[in-house]
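Same chain, two partners: chain A is paired with chain B first, then with chain C.
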Partner chain A sequence: MIVQLLGLFGRRLVVAIPILLIVSALVFVVLRVLPVDPAAMSMPPNATQAEIELKRQEMGLDRPLPEQYAIWLGRTVRGDLGASIHFRRAVSSLIAETLPATVELALLAMLIAAGLGFAGGLLLFHLRGTWRGEAADLGSTVLMSAPDFLWGLMFILAFGVLWPLLPFTGRLASSFARPVHTGFLLLDTLIEGRPDMFLDALKHMILPATALGLAFSVPIMRVLRSTLFEVEQADYIRQARLRGVSESRILLRHALKNAILPTLTLMGVQFGFLFGGTLLIEVIYSYPGLGNLMVDAVRNADLPIIQAVALAYAAVVLIINIVVDGLYLVLNPRLRSAR
Partner chain B sequence: MSSRPVKKALGFLRSGRVLVGAALVGIVLFSALFAPILAPHDPQEQNLVATLVPPVWSVDGDPTYLLGTDSLGRDVLSRLLHGARVAMTVAVLASLGAMLVGATLAHLGGYFGGKLDWLIGRAVDVWMSFPPVVLSLVLMTGLGAGISSVILAIVLVDWTRFCRVLRAEVLVTRHQDYVAAARLVGFSHWRTLTREILPATLPLLITLLSIEMGIAVIVEAILSFVGMSVGANQSAWGQMIADARQTIYESGWNLLLPMLAIFFTVLGFNLLGDGLRRTLDPRLLQAREL
Partner chain C sequence: MNTSVLAAENLAVESRLREGRRLPVLAGISFTLEAGKVLGLVGESGAGKSMIGRAVAQLLPPGFAVAGGALAFAGRDLVGMATQERRALLGREIAFIPQEPLSALNPVMTIGAQFGEHLARLGISSEARQREEARAMLEAVHLPRATELLRQFPHELSGGMCQRVLIAMAFASKPKLVIADEPTTALDATIQARIIALMDEMRHAYGASLLFITHDLRLAANFCDEILVLYAGRAVEKGEARELLSAPLHPYTRCLQLAVPSLSAPARELFTLPGEMPGLTTLQTLAGCRFAPRCPNAGEICRKEEPKLLAAAQGGEAACFRTELTLKIKTGDQAAPAMPKITAPLLLVEKIQKRYRSRHGLFGKTEVLAIDEVSFALAENEFVGVVGESGSGKSTLAKLIIGLEPPSAGRIELCGSDALDRSETARRRRIETAQMVFQDPQSALNPRRRVASIVTQVLEAAAPRLPPDERKRRAAELLAEVGLSAELAARYPSQLSGGQKQRVNIARALCAAPKLLIADEIVSGLDVSVQAQLIALLRRLRSELSFALLFISHDLAVVRKLCERVLVMRHGKVVEQGNTKDVFGAPQHPYTRELLAASGG
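Up next is the complex of A and B:
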């Protein structure tokens, strides 16, 4: 099993690396057709033309595009992502600060999406064939029409402004000094042994994570429901029914177990989308993660950051896909024995 | 259980989707087309003595501004109507563009197979490794702000949605007997593709198109929210949301109204797509949920 897993990870990495290379090359080319001059932007406004030209040479902007890319790639592989034009700091440290925040938010949102998705899917299946089922089905279409950022804004309006229940800006109340160990705030507050801080951090995450999770729970419930429909046709379900096994036991012990795999595959794809969805949610909730960094960088045409953050997003999505494939292998006994 | 009214209700819940969806989309389309006539005010006209007027149904409402005014005293209803123009322009053009690129590649790849299909498949893989929002932001940085950039960015990001799903459908259709028969009779590749395969994939294509229009509305709202879509002299729903966020404590309506506009437009397209899928192709009912 472990050998198989390692083999899978190895094979997937072999595919993932060229994809990352192509992604980075694409981003590089797109950003180089920009009508702005990064060299001029990184200089004070009173710099002379000659000084800007010198900076251009220093940044390698006078060389042909493939050579520029090769230089950038060489540095990136060594962990040097360049310096931000706007913040005047190393991009790698900016990413190291923001990536854990985003991953933390995405994980919590995925947990909520999975919980709501499974509960909703079972409910939809349970109500099948009745008018309530049709209504719930229609309800899920309606829910699906509200994208994550609309949920986010709605929650701010409802639970932040009209009925001030939860905070909706940042990661932590300003009265706390943020502990830094891993970058994952929930973990860090626990390491510090500060349950009050942990609770505050969690409160800050509830609205953005629920907004994201809710939006992504709908596809999960719909796929779980339709997979359950298919599984229900199987002989072993009829057999169980003939043996007089109770409906709820059939659903939970027999049908759900077999419906979980396709649902899990979908959740993997969804998690990729959800991770992208954090971008706007972070902007709406002023949550200091990758998304806010990206939008700031886009507004300032801060190319080194845009390049690196885009690559970070792609890398996380690829890692998610590989992990989901691994999980699939662990959970599917049919794949495990096939050697 | 199977009494008549219940059956009737069930039937309406199913086929009613197309009707309700078409009605919603129709209303938005009508507003978009006739916005200059319907709008009671110039959407850019500022009235600085009447800022943040609440909608007419609140106590302090003013009948000159049916849905109130924003922080610069601009009429919200007029801005919503003109925002529909931007939303619908992007929805129609971007999704048609994405469909054209995605469907063409899907049909060519699925039909001819081989190296071409492999190449298209890998391109889809690369695209899918990017969260769509991130990719469109990168593209917008390269293309510069503006409505035509938004349309182009959506085409360049979302062609994969069509390509992925349609390619699978083409693969299934290609192995049907009647397609082989068409080739044996001596139909050219072009004729086989357009006359034999395309009619089979058309229901799925139309469904996807409708759903993509909803997605395009969302993406335009996102991009105008972060200030990358239309300029300040035009009104777009996302821009209205971004403005209203600044005055959220003074006026919740300013935030809620453009959100409702986006929601009902997307709902219209989704209901239409969902309904069309059920009506046009019953096979899809269970098998392909996404």
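Up next is the complex of A and C:
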């Protein structure tokens, strides 16, 4: 199985490279076509036309587009993402600060979506054919219909303002000095050996992550329930029943193991959307992640950042999908052996 | 002392419809299965035989329920029993062997995990002892490499091996009663015989009684002590197994007996029972004997009164007013088929090969030779059978000839032109010359198209500007040819029975008036009476329309009945070919002999 996993990762990484190239070229071209002049923006407002022209040449903006792309690509490969026009800092360090925050938030949101989705799916399946089941179904539709930013706002109102249970800005209370090891705050606080800080960081993430994950839990519920319906009809379920295996064991050991597979595929697809959804949620919760960085960058037409963030989004989604495929291989023995 | 293991007394099962209507599915079923005996429940699909097995476990399909009568296991009432108490019996004292072994094991759990779970329930808690016991049971069912097997997943095993695993699990608890529902139907003939022998060995070794549910009267007669024949939810005949087969009392049993082609007996015509078993709703309005509409012996009384299952003078019981006429139902000797004039060969296959590549691991690749240097010729109007076990390459051969897949090497000539020409015109011409009928009529028919549109599908490409009236006329013509009534033209496939679907399938292939018909297992999985009808249909169509047939089947008796020549395939090679009479009469290759022996020839 290890060999097969490595083979899969190897093949998928090879495919990922051209995908990233295409995405980067696309972003590059689109941004260059926009009617903004980064040279002019990086100069003080009283700069003369000649000074701006000089800056353009210095930034390489006077050269043909393919050449500009080639230069940018060459630098990117070497890890040099350029300097932010607005923040006047290296883009790579900005990304290194914000990317882990967003990945952490998205993963927690996915975890919440999966947890709610599996619990809800099993509940919907268990209640099938009863009025409670119908009611739960209706409830899940409501959950799905409200967009994540609406949940975000409602949570702030409910659990932050009216009934102040949880913090709703930033990543950590200001009384703590933020440890920096990996950039993943939950991990870093554990490395520091500070459970109190870990708890505080987690508290900061609960509201945004739940707001983000809630809408995504419903499709998981639905797919799990309908797959369970299908699996229930399978011969091996009937055979287990005929062996006298108890109903709860049939559901949890026999049916769920099979029903998990399509659900996993769905989660892989969902993650792309969920990761994109962090943008609005981060703004609402003033969460210092990739999303807030992106919003700032767009507002200031900070092209180096926009390019780098777009690339980071694409890379994360690709990596997560490779991981999901790997999980699929682990959970589905039929994929493992040679046909 | 009461020795009965399973006893049914006037058992009735009904289907409860939404509007509160109730349709009887089974009625008046009585039987006793004595300890250590084998009772066979025989009938065609829809007869209600599986319903009895499911009633024992009280796992009837949704909407079905026991409506009356008694069903007792070792003197304990199963119908009124509490769910918990019944579940305690299942897998311990009552065990089941399923119909589809490959899908009856959980695909994501190892054999060891599933066996272990079962043994844990039987009270063996230590995992080491579970493995020990599982290995012992797997060895008892003659599975080699038991230790390795426990680590494997079901898809890594063959159907026969899966069935052995399931038999091992069934007998692990030393049950009093084992219920086997068509345990060999999904398996190859050679494996069927071995599985039956294994079940016989195991039931003797473990002292279990067996309820054997099957559609195969001959198999049941060989294996069972007693047989109950079911028709449309009623018991029509009961008796000692051998006697029941040799001298059936009920005309339905007799018709079943005459509908199955034989491998050894002199060629006889098959008895073709007209019509089909009535469905649940039709039965509501049917007065008198349920078999009367199809019975060759039906008289006036049969249409007025329903016969009861009564003991006959010569032993056995039958539900028939006119048992004395039963053995008068006969079929004539088969007319020797007019040997077709062998003209220029229609199909010429020369040294074709088909390789499949499969990839595993990082760089590992293996090649499988599915077809290995196969050569043969087929003359116009000739019927040739292709036999062999699953995996022998029969279906791949069909795909190569029809052009669904290109061969890796070799030459195929159809009507004197190269059949491997990939150009559009050559493809068109090939479609008009050769047509294929697929195995599973259910999935071969588009569920969203009406029958008339399905059977004339080929005209859409061949004659796109054909007026709709013309197409309707052709559809009616085709339906008449395959013996379907014209009113079926407007129906959807889901509204047809299995036999009707396969007729539609054949009609569609005939639409282009092909010179070659390739039929892949088109009668397997169908009831014997439907099978006999289709064989008769193909023979009639041959004389009326004249076409050649490449008939792929694992059923040697059907091939003997239908085809003049036969190819025996194994591991992608043709190991023997020749006139059916010679090949089956005096087989040269050991594999042919093995196939014949397994088919009970």
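The rule we apply is simple: the second predicted complex is superposed on the first by the 337 of 339 C-alpha atoms of A that agree within 3 Å, B and C clash if a C-alpha of one lies under 4 Å from a C-alpha of the other, contacts with A are read in each partner's own complex, and residues count from 1 in each chain.
Throughout what follows, a residue touches a chain if its C-beta (ideal position, glycine included) is under 8 Å from a C-beta of that chain, and two chains touch if they have at least 3 such contacts.
Remember, predicted model here, so these are calculated numbers, not experimental data.
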Contacts of A:M197 with chain B and chain C, given as first, second, both or neither: neither
Touched partner set for A:E134, first chain B, second chain C, both or neither: first
Chain B versus chain C as contact partner of A:V283, first or second or both or neither: first
More chain A residues in contact [chain B versus chain C]: B
First, second, both or neither for A:I22, with chain B first and chain C second: first
In the complex with chain C, residue positions of chain A that touch it: 3-4, 6-7, 10, 234-236, 238-246, 249, 253-254, 257-258, 261, 331-334, 337-339
Interfacial residue positions of chain B with respect to chain A in the complex: 1, 6, 9-10, 13-14, 17, 125-126, 128-135, 137-142, 144, 214, 218, 221-222, 225-228, 241, 245, 248-249, 252, 255-256, 259, 262-263, 266-267, 270-271, 274, 286-287, 289-290
Residue numbers on chain C that touch chain A, as the complex places them: 57, 59, 87-92, 95-96, 98-100, 103-110, 117-118, 121, 153, 155-156, 166, 169, 358-364, 366
Complex contacts: residues of chain A adjacent to chain B: 19-20, 22-23, 26-27, 30-31, 33-35, 130-131, 134-135, 137-138, 141-142, 144-147, 149-150, 153-154, 156-157, 161-162, 219, 222-223, 226, 229-230, 266, 272-273, 275-277, 279-280, 283-284, 294-295, 298-299, 301, 306, 309-310, 313-314, 317-318, 321
